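What follows is a set of structures for review.
In the two complexes that follow, chain A is the common piece, with chain B as its partner first and chain C second.
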Partner chain A sequence: MEKNRYKDLVNKHTPKENRLYNIMVAFITGGLMGLLGEFLIQVYSYFLNIPSKEASTFMIITLVLFGTLFTSLGFFDKWVNFAKSGLIIPITGFAHAMMSASLEYRKEGLVTGIGTNMFKLAGSVIIFGTVSAYLVGLIRLILFGG
Partner chain B sequence: MTFKYNNVYINETSTVVGPYEKKGPLNNYFDKSYDDLYFGTKTWEQAEMKLIEESVNILLKKLKKNRFDIDLHISGDLLNQIVASNYAAARLGIPFLGVYSACASSVEGLILGANMIEADQIKNCICSASSHNNAAEKQFRNPVEYGGPKPKTATFTTTGGASAYLSSNKKGIKIESSTIGTVQDLGITDAFHMGAIMAPAAGDTIYQHLNDLKREIDYYDLILTGDLGVYGKKILVDYMQTEYGIELKNYDDTATIIYDLDEQPVYAGGSGCACAPLVTYGYIFRKMHKNEYRRILLVATGALLSTTMVNQKLSIPSIAHAISLEVIE
Partner chain C sequence: MNYVNAFLFCGLVCVIAQIILDNTKLTPGHVTTIFVVVGTFLDVFNFYDKFVLWAGGGALVPITSFGHLLIHGALAKAANFGVMGLSLGMFDLVSSGVIAAIFFSFLFSLAFKPRD
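Let's turn to the complex of A and B:
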C-alpha cells in the first residue's frame, strides 16, 4: 500500500482529540494560575510592604516551591495531565520539568545523573526564552528607542 | 520465511507482573504479582531485570529443574542494550542469546528456540521477554513524574516478565509453524500511535504465513496480535481487507485484553514485550487447554522506535513475527 493511502486509512480510524475542551481547560486553569499569582503579589506587597516588582519575585519563588513540592510528592503529573498547557506554560511547568527530570535520574549520581539530566526538558525553555527575550528587547529598542 | 515443526512443544510457562496488571481482569492467570513498581530493587531498570530473573526461577521450580538442565536461554526487552535481559542472564548463568525486535521479541525468541530444538541442536530452552512501564517511559518518553498529556492512541507499557520452556517432550502446547516477518515502514512518524506503525507489519506477516502454508484465515480459531491497541486493531482489520482481501473474523489483540480499558488509565491498551506473552501464556493457554481454541496464530508486533531517528525526522519501522500454536491431539 502507498504511504498516502495508508495515511488516509489510519486517519479514518484515529480518534479526534477534543481540542476545544482541552483549550478551555487550559485557558481556565492557566487563568486561575495567573489569578493566584496576582493574588500572591498583592498579598506580599501589602503585608511585607514591598514594591510589586519585588513581590512578583516572591510570587515566582512561591509557585516554583509548590510546583517542585507537588511533583516530588507524586501528584503534580496527574494535575498536568488534566490541565495540560494550563499548568505547563506557567512557571509551575518549568519547575515541574526540572524536578521530574531530577527525580528520574537521581539514582544515577549527583553529577552524571541529576546534574546532566536536570535540564533535559527545561533546557530548551531557557535557551529559547532567553533568545526570544533578547529579540523582543531588540525590536523594542529599534522601534521605540528602549 | 515460514518454518514447520514436528516436534516442538511449550511444556510450561511462568508470568510475573506489576500492580497495574494485577488490578486488571487477568490477575488470576499470573503466577506472581507485585503491588509496587520496584520489587525490592532500587531502580526501574533493576526491577525489570528482576522480572526476568524471577520468571525464569518460577519456571525452573515448576519444572523441578535447575539451571544446569537448561541448554539455552533466549531473552529480550525494550531497554537500551537489552540490559534487563543481559543482567538477568548474568545472574542466571544459562548459555544466553539476547534478542531485540521491540515488542515482537517474545515470538522472535520462541522461533529461534523452536528451530534449534527441531534441528536437534539443543534439547530444551527457556524463552523470556520483559517490559517495565516506568523504565520504558524514562527511556522513550518523558520523565515519569512529568506525566505529560498523551493522545488517545497512546499505549501503556505493561510491567511484567514471562518465560516459556520449550522442548521436544509431547506436553503442553504444540508449536506447529512460525513465520519470520519483514520490516515494514509506511511513513508513520507519530510515536504515540504505535498501532498505526505496527499494523502493516502484522498484516504482511499474517498474509505471508497463510500464503506459505496455503491456508485460509479460518484455519485458525483465533488470530491474536500483540499489541496494536484499540485503534491499531481497527486499522489492521481495514488494512487486511483493502490490501489482501482477507476478512479478519476470529481476531483479537492482547493490548485490549490485559487491562480493563474502561476502568484503567491505559489509553488505547497495553504494550511492551511482555504484553503478548503475559496474555498468551496465562489466559489464552488456559482456554486452549479447555479446548475453547484449538489453533491460534500469535502475531507479536514491534515498533522499532528510536528517539534519535524520530528526532532526525525519519518514520518508524515495524516488524511482526508469527507463531502457530496448537492443542496437542
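Let's turn to the complex of A and C:
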C-alpha cells in the first residue's frame, strides 16, 4: 500500500477529540480542585487555629489521601478519563500516578513489586524537579548571592 | 474573592496543560514534568509567591507548586548555609506531600486489590 494512502486511512480512523469540550471540562474540574484547596486551607486554619502556611501542608496531605484512596477503590481512573488534565495537574494526579503504579505491581511481591515500581510514573516529577531546583538555586546563589 | 481567584488560577493552569496534551504527542507524564520545571523557574525571583498571595490555595494545588516549594525550601536554607544548604533544605516543604503519597499508596496497595 502506498504510504500516503495508509496515512489517509489512519487519519480517517483515529477518533477525533472535541478540543473545546476537553478544555472546558479541564477548566471547570481544575478550578473546582483549586476551590477545594482554598476551602480546605480556610477550614483548617479556622478550626485548628494554625497559620495558613501549615494549613496548606494539611490541605496537600488531605488531597493526596483522597487521591490515593479513590484510586485504590477503582473509580478515580474513570474521573481522570473524563476530566483529563483537570485532575492530572493538581497534586491528586501525582498521588494517582504513585497509587496506580504500586497497585499494578503489587502481585509481584512487596519488595520487587511495590518497592521497586512505586515511583515508576511519579519519579520523573521528583527527579526533574530536584535537578532543575538545584541548578536554578545554584545559578541564583552564584549570580545574586542568595 | 479568594475563592474566585483560586478557581480561575487553577482552572487556567489545567487549561494550558490540556491544550499541550491535545495538540502535541506528549504524555501526561511529560506534561506534569514540564510543569514542575516551569514552577521552579517561575520562583527564581519569588514570582510564584505573587500567584500564591493572589490565588491562595488555587496556586498551591497544581503541580507547579511542587517546583515552587522545592526551590523555596532550598533557598531558605541556602541563605544561612551557602551552597550546601541547597541540599539541606530542598525537601523541607515538599516532604509532607511526598511522604503522604508514599505512605498512603503503600498502605492502600496492601489493603485493596487492583481492579480494571
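For the reader, a short list of remarks on this structure follows.
Keep this in mind: the second predicted complex is superposed on the first by the 118 of 146 C-alpha atoms of A that agree within 3 Å, B and C clash if a C-alpha of one lies under 4 Å from a C-alpha of the other, contacts with A are read in each partner's own complex, and residues count from 1 in each chain.
The rule we apply is simple: a residue touches a chain if its C-beta (ideal position, glycine included) is under 8 Å from a C-beta of that chain, and two chains touch if they have at least 3 such contacts.
Remember, it's a predicted structure, so these values are computed and weren't measured experimentally.
Within the superposed three-chain model, A:140 lies in touch with chain C and out of touch with chain B [touch as defined at top]. Ranked by how many residues of chain A each touches, chain B and chain C are led by C. Of the two partner chains placed by superposition, only chain C is touched by A:39; chain B is not. By the document's definition of touching, of the two partners only chain B reaches A:10; chain C does not. Of the two partner chains placed around the shared chain by superposition, chain B and chain C are both touched by A:74. In the superposition on chain A, A:48 makes contact with neither chain B nor chain C. When the two complexes are laid over each other on chain A, chain A has residues 17, 22, 71-72, 74, 84, 97, 99, 103-104, 107, 121 in contact with both chain B and chain C. Residues of chain B that touch chain A in their complex: 42-43, 138, 142-153, 186-188, 193, 196, 200, 231, 234-235, 238-239, 242-243.
The residues of chain A lying in touch with chain C in their complex are 17, 19, 22-23, 26-41, 52, 56-57, 59-61, 63-65, 68-69, 71-74, 84-86, 88-91, 93-95, 97-99, 102-104, 106-107, 114, 118, 121-122, 124-126, 128-130, 132-134, 136-141, 146. Partner chain B is touched in their complex by these residues of chain A: 1, 3, 6-7, 9-10, 12-15, 17, 22, 71-72, 74, 76-78, 80-81, 84, 96-97, 99-101, 103-104, 107, 120-121.
If you check the complex, the residues on chain C that touch chain A are 2-3, 6-15, 17-19, 21-23, 28-29, 31-33, 35-37, 39-41, 43-44, 55-63, 65-67, 70-71, 74-75, 78-79, 82-83, 86-87, 90, 93, 96-98, 100-102, 104-106, 108-112, 114-115.
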